[in-house]
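Can you read through this structure? Questions will come right after.
When the chains are written out, they are named A, B, C, D, E and F in that same order, and each has its own residue count from 1.
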Amino acid sequence: MRPSGRAPDEMRAISIQPNFTRHAEGSVLIGFGETKVLVTASVEERVPPFLRGKGEGWVTAEYGMLPRATHTRGSREAAKGKQSGRTQEIQRLIGRSLRAVCDLKALGERQITIDCDVIQADGGTRTASISGAWVALRLAVDGLMQAGKLTADPISRQVAAVSCGIYEGTPVLDLDYPEDSAADADANFVLTSDGNIAEVQATAEGACYDEEALLRLLRLARIGCGEIFAAQLKAAGR
Amino acid sequence: MRPSGRAPDEMRAISIQPNFTRHAEGSVLIGFGETKVLVTASVEERVPPFLRGKGEGWVTAEYGMLPRATHTRGSREAAKGKQSGRTQEIQRLIGRSLRAVCDLKALGERQITIDCDVIQADGGTRTASISGAWVALRLAVDGLMQAGKLTADPISRQVAAVSCGIYEGTPVLDLDYPEDSAADADANFVLTSDGNIAEVQATAEGACYDEEALLRLLRLARIGCGEIFAAQLKAAGR
Amino acid sequence: MRPSGRAPDEMRAISIQPNFTRHAEGSVLIGFGETKVLVTASVEERVPPFLRGKGEGWVTAEYGMLPRATHTRGSREAAKGKQSGRTQEIQRLIGRSLRAVCDLKALGERQITIDCDVIQADGGTRTASISGAWVALRLAVDGLMQAGKLTADPISRQVAAVSCGIYEGTPVLDLDYPEDSAADADANFVLTSDGNIAEVQATAEGACYDEEALLRLLRLARIGCGEIFAAQLKAAGR
Amino acid sequence: MRPSGRAPDEMRAISIQPNFTRHAEGSVLIGFGETKVLVTASVEERVPPFLRGKGEGWVTAEYGMLPRATHTRGSREAAKGKQSGRTQEIQRLIGRSLRAVCDLKALGERQITIDCDVIQADGGTRTASISGAWVALRLAVDGLMQAGKLTADPISRQVAAVSCGIYEGTPVLDLDYPEDSAADADANFVLTSDGNIAEVQATAEGACYDEEALLRLLRLARIGCGEIFAAQLKAAGR
Amino acid sequence: MRPSGRAPDEMRAISIQPNFTRHAEGSVLIGFGETKVLVTASVEERVPPFLRGKGEGWVTAEYGMLPRATHTRGSREAAKGKQSGRTQEIQRLIGRSLRAVCDLKALGERQITIDCDVIQADGGTRTASISGAWVALRLAVDGLMQAGKLTADPISRQVAAVSCGIYEGTPVLDLDYPEDSAADADANFVLTSDGNIAEVQATAEGACYDEEALLRLLRLARIGCGEIFAAQLKAAGR
Amino acid sequence: MRPSGRAPDEMRAISIQPNFTRHAEGSVLIGFGETKVLVTASVEERVPPFLRGKGEGWVTAEYGMLPRATHTRGSREAAKGKQSGRTQEIQRLIGRSLRAVCDLKALGERQITIDCDVIQADGGTRTASISGAWVALRLAVDGLMQAGKLTADPISRQVAAVSCGIYEGTPVLDLDYPEDSAADADANFVLTSDGNIAEVQATAEGACYDEEALLRLLRLARIGCGEIFAAQLKAAGR
């Protein structure tokens, strides 16, 4: 029995509120249950030094957790003077996931920076971030297309992510915090809307897991991402 | 004529949404027009080293601006590895303003940390932060009192803040971003509900100003803070 | 009764020793009683990136306190690896105060950096810094004018600063350390020689203060700055 | 055809030289072909703060790349003043992988720190690090057991890692640098000697991959880890 | 011919002004010609962690250069966020030099921190720092002895330092800046008043030097330190 | 009697293994007994900003100690976020020593960076670093000459270093760790193959030393460097 009473293959309620803030070229407030992440996409007409003059663009991401997004207050990374390993790992994952569905040549020599700031955390902040980031990116690219700055759409398909894990012996979809902190294995799947895999990060926390378990988690992830893909399209007005 | 069409002594719409997040002991989303700040109050049963064993509490504040709260994206302070002078100046001001209305002995040996994170910026982020912080602090202290952890209320009165300035020769209340970036003088007033002044920071940006102007700005601030005091009480359920 | 025996409107002895060091384009050792600050003005034929190519100059300031300027040794900011919030707040104030009396266009595309290093502290280090900085800046600009590098004088008037506060219920001028650490309110006024205000920073430390008190402190500040303006002119040879 | 001429399921030569340095409680120089990593295990009779007094031990890892381990010199992280996101990601992975095969209670209140320093890089530095780390840990724990400091062996089984990827359409085992930089997908598998999975990190670099590909890569990883397990036992004298 | 017209074995004027600042337990302003260093000695009734409970004291030093001590402004180390290698090298040398003439057991469990801040630089700042530091330390220890806190004098003898070098082929004493920047070899000698050597740091800048040259420089250093020893005693009132 | 049983003027076994790693333009693993340092020389076709456009090259060095090179694990400088004063002092010394035997004009506008990473420490890591660095530099320059990129050899002669000290009253050559930690004086000599001195750093650790002792240590250093010069030539294939 899951603490939330959900069925093993049941996602939490997905909410995606587009245009949550007004300055960013794209923005959403995404919720996976009580996990809430504000995601913005910022377009800049410049690229990082390693891409200058190559006629290609770049999509990158930054991630942060507000100090009291969690049950007890964590220290502010800006005050500590550095980002934790966890933060860096997550923001690298978000950036890779988005680049997996973008044609950077089609984007032209500009950069889109995705900022994912966790307002409230209840498990799955990185997967909510990726899932929301696609919508923010979609909105920002739509704006570039409407402004005639792009000749072809650089986004080839959708990307979404969800965490699955083995909780008290049962594979379950979309771990919330009570499950996440007790799960034997915790796997984050980043899937694309054409049925492929962009990234798998599956970690044994207690007992190690076998191939069969990995596949069962992947199947749950397909169910969850299916729901997210639908919510993304709706939020993006497609 | 103000860009927003407001009268010189007219505040922007004030909105204060209590309990915006669920983990913090107190939290609000405060809006002064398009400026939106998420403020949380976190209670911890410990005090900083300089107060240990003195039977006194502490109230302190941290401030941050999400990278895309502004018109163009600013760099993330956690990624740069340090907080700007502006950030530190603001968070020190917020902490001082709250301590001016708190009896730290009555709080007992515990610390309340106020986190002010700007979700969207349109001028006045520090004054909205202070004004919202009082409500978050009030809610957190109410919780301590309901839990029987305090014998006397450590909050003696309300504190609120507003910025005023001289815009195209006219003293105006509650500067928004277009006014703030063009004003000749910019004054932040932190006032208490018993009619006193906790802090004045009045800076000439272009021409310097005279005593008469300072007094006129102070009078506008009294008008604005009156409105904020009312909104605070309503949000705090008093 | 003030600890020093001074009258409420009595400044400490002001000493300004010009050309205290030999390499800087302008330098003074300023003393407000036992507070001693070494101020240098350095001219560089370059401007910060945000001003390049705009035909305008820049005046900025840095502030430091020698570790044993104070009663007990403070840690060295260079060793700690960062400047405190207080340091940054002060150096930003010094820079703003000087820019309030400078025509940056008339300065041409060059930067003048003011370094204020506190040799000995007894209250009022920021106000002594501002007051001395004007003389160092004046000397440096005089040098540029004598060298024919400027066609018009970029300094429009004098600027000086003094702290006032409410000590044991009485408004007093030019707080020394024993007063500063016990005062109910502490206000720093930055005034210009044409009778205007460049900046007010008035903070309640204990009880908050009212409008009448603010005005009485401002009037004391006018008396103090009057004396400083005279000492500045003498030190600058004018 | 692989650049090295290897068959798709062929590992590079594995070399593990135990006791490469003399001060560490365990140390090896591990080579996967031209990739060479010096791994040491250091035993300390203390645990991190979060474990004090809990009667449990800790195993953690740090990772570094010598500046000229690579084709062109990279900057030294100690000189830059921070570890990259990549470094932190890798050292977190190494630590998790080892903890997956350790009973931290059986270790007692002591910490073993694994240092993995890449002497020469040719792809697969993180997988060589994990594979060598198990041997260094084994040697250090053997020392503790011989000294009578442990009553039960805290290491439950072996752990090893290898990278696989899709290179020019073909799944291949143990990517070297030319393959790694051109592969469409890059998957790191951390497997245990009882046939389970401790961690999978599978990333699409170009085209995304499907479930079938993931399984084929996993099967290659089983082949590679089988060879590594044998080499580990031999190096550990078992 | 030396730029200053001095004879090869002629020191610059040595000035040592004791009690230059009022808060430090010992302080001097030392001048070697135009090089001016403010040195303070601060006594603290605590020792660094590695000495706690050992009944021994510690003497350590920190060094800094005010940004405009030099011909052109250098950046402030506190603003850059780290001390340069040169700064650290110098402060380690000052600390070692003083400890060479101190009996740390006789000092008891307390620390004396020497701060050397260069007000104006014209070559020889580290040697002036060491030479002044002995006087500041002497004054601080005298205070401890007068207060009855020490039973035996922990300072066994004097220590002083001077730089010598080979300038245009001639060994000369006490290099000033024009000589220092052109010298072929630059040697700093730290000598004790009983005729011994505490430290030699002799560096070839252009051509390397031979043993004969090293000895000639050492003999010059003995002449210079003799003069400094006399000035130290006078400044310390002995 | 030395702990190792060596005669006072006896070096430890010197081993220099050229081309220890494959990517660097020059590399050696140098051993002075149990002290082992990996040294690489990296050629880059660029110079630091202060040399741009001057037609001159640069030789610089960086130094690091692997965390478990020592008896007890030291913390990793990359993790601490800064290099210690000791590290900076050593890497500055290595760079100066090499530049003393290089004609930077003959090198042309390119930089050679020497990385010295201590694999195992048993005293004398800086002197082994310098001695090995000359061979790595020699190999890198030989490569440039063979590639026709240099018209004249920029290396004028050999440079080597050794530490000597006074151990239990006797001057001894090439201190190992047990001697180093107990010696009264510790002197590092950097000598050139034409019989000159590039640098002396001689520090009293306990009792100060006299001129005679300095000379005796220098003579021992000549013996030791003679052996190193021979080993360098052999390793460099000359």
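Heads up, the rule we're going with is that contacts are C-beta pairs under 8 Å (C-beta built on N, C-alpha and C of every residue); 3 or more make two chains touch, one makes a residue touch a chain.
Small disclaimer: the values here were computed from a predicted structure and weren't measured.
J.: In the chain contact graph, what is the shortest path length, in steps, from chain A to chain F?
T.: Minimal hop count between chain A and chain F: 2.
J.: So which of A-D, D-F or C-E is the twin of B-C, meaning more than half of its contact pairs are the same residue numbers?
T.: Duplicate interface of B-C: A-D.
J.: As a test of understanding: of all chains, whose mean C-alpha position lies farthest from that of chain C?
T.: Farthest from chain C by mean C-alpha position: D.
J.: Averaged over CA atoms, how far is the centre of chain B from the centre of chain F? Could you give it in whole Å?
T.: Centres of chain B and chain F (C-alpha means) sit 59 Å apart.
J.: What whole-number Å value describes the gap between the mean CA coordinates of chain A and chain B?
T.: About 33 Å separates the centre of chain A from that of chain B.
J.: In whole angstrom, how far does the Cα centroid of chain B sit from the Cα centroid of chain E?
T.: Between these chains, centre-to-centre, one finds 50 Å.
J.: Send over the residues of chain E in touch with two or more other chains.
T.: 81-82
J.: Could you walk the ring starting from chain D, turning first toward chain F, and list the chains encountered?
T.: D, F, E, C, B, A
J.: Which chain E residues qualify as touching chain C in the complex?
T.: 21-24, 27, 34, 36, 38, 40, 42, 44, 62, 64, 66-73, 76-79, 81-83, 87, 113, 115, 117, 119-121
J.: Within their complex, state which residues of chain F touch chain E.
T.: 82, 84-86, 88-89, 91-92, 96, 100, 187, 192, 194-204, 207-211, 214-215, 218
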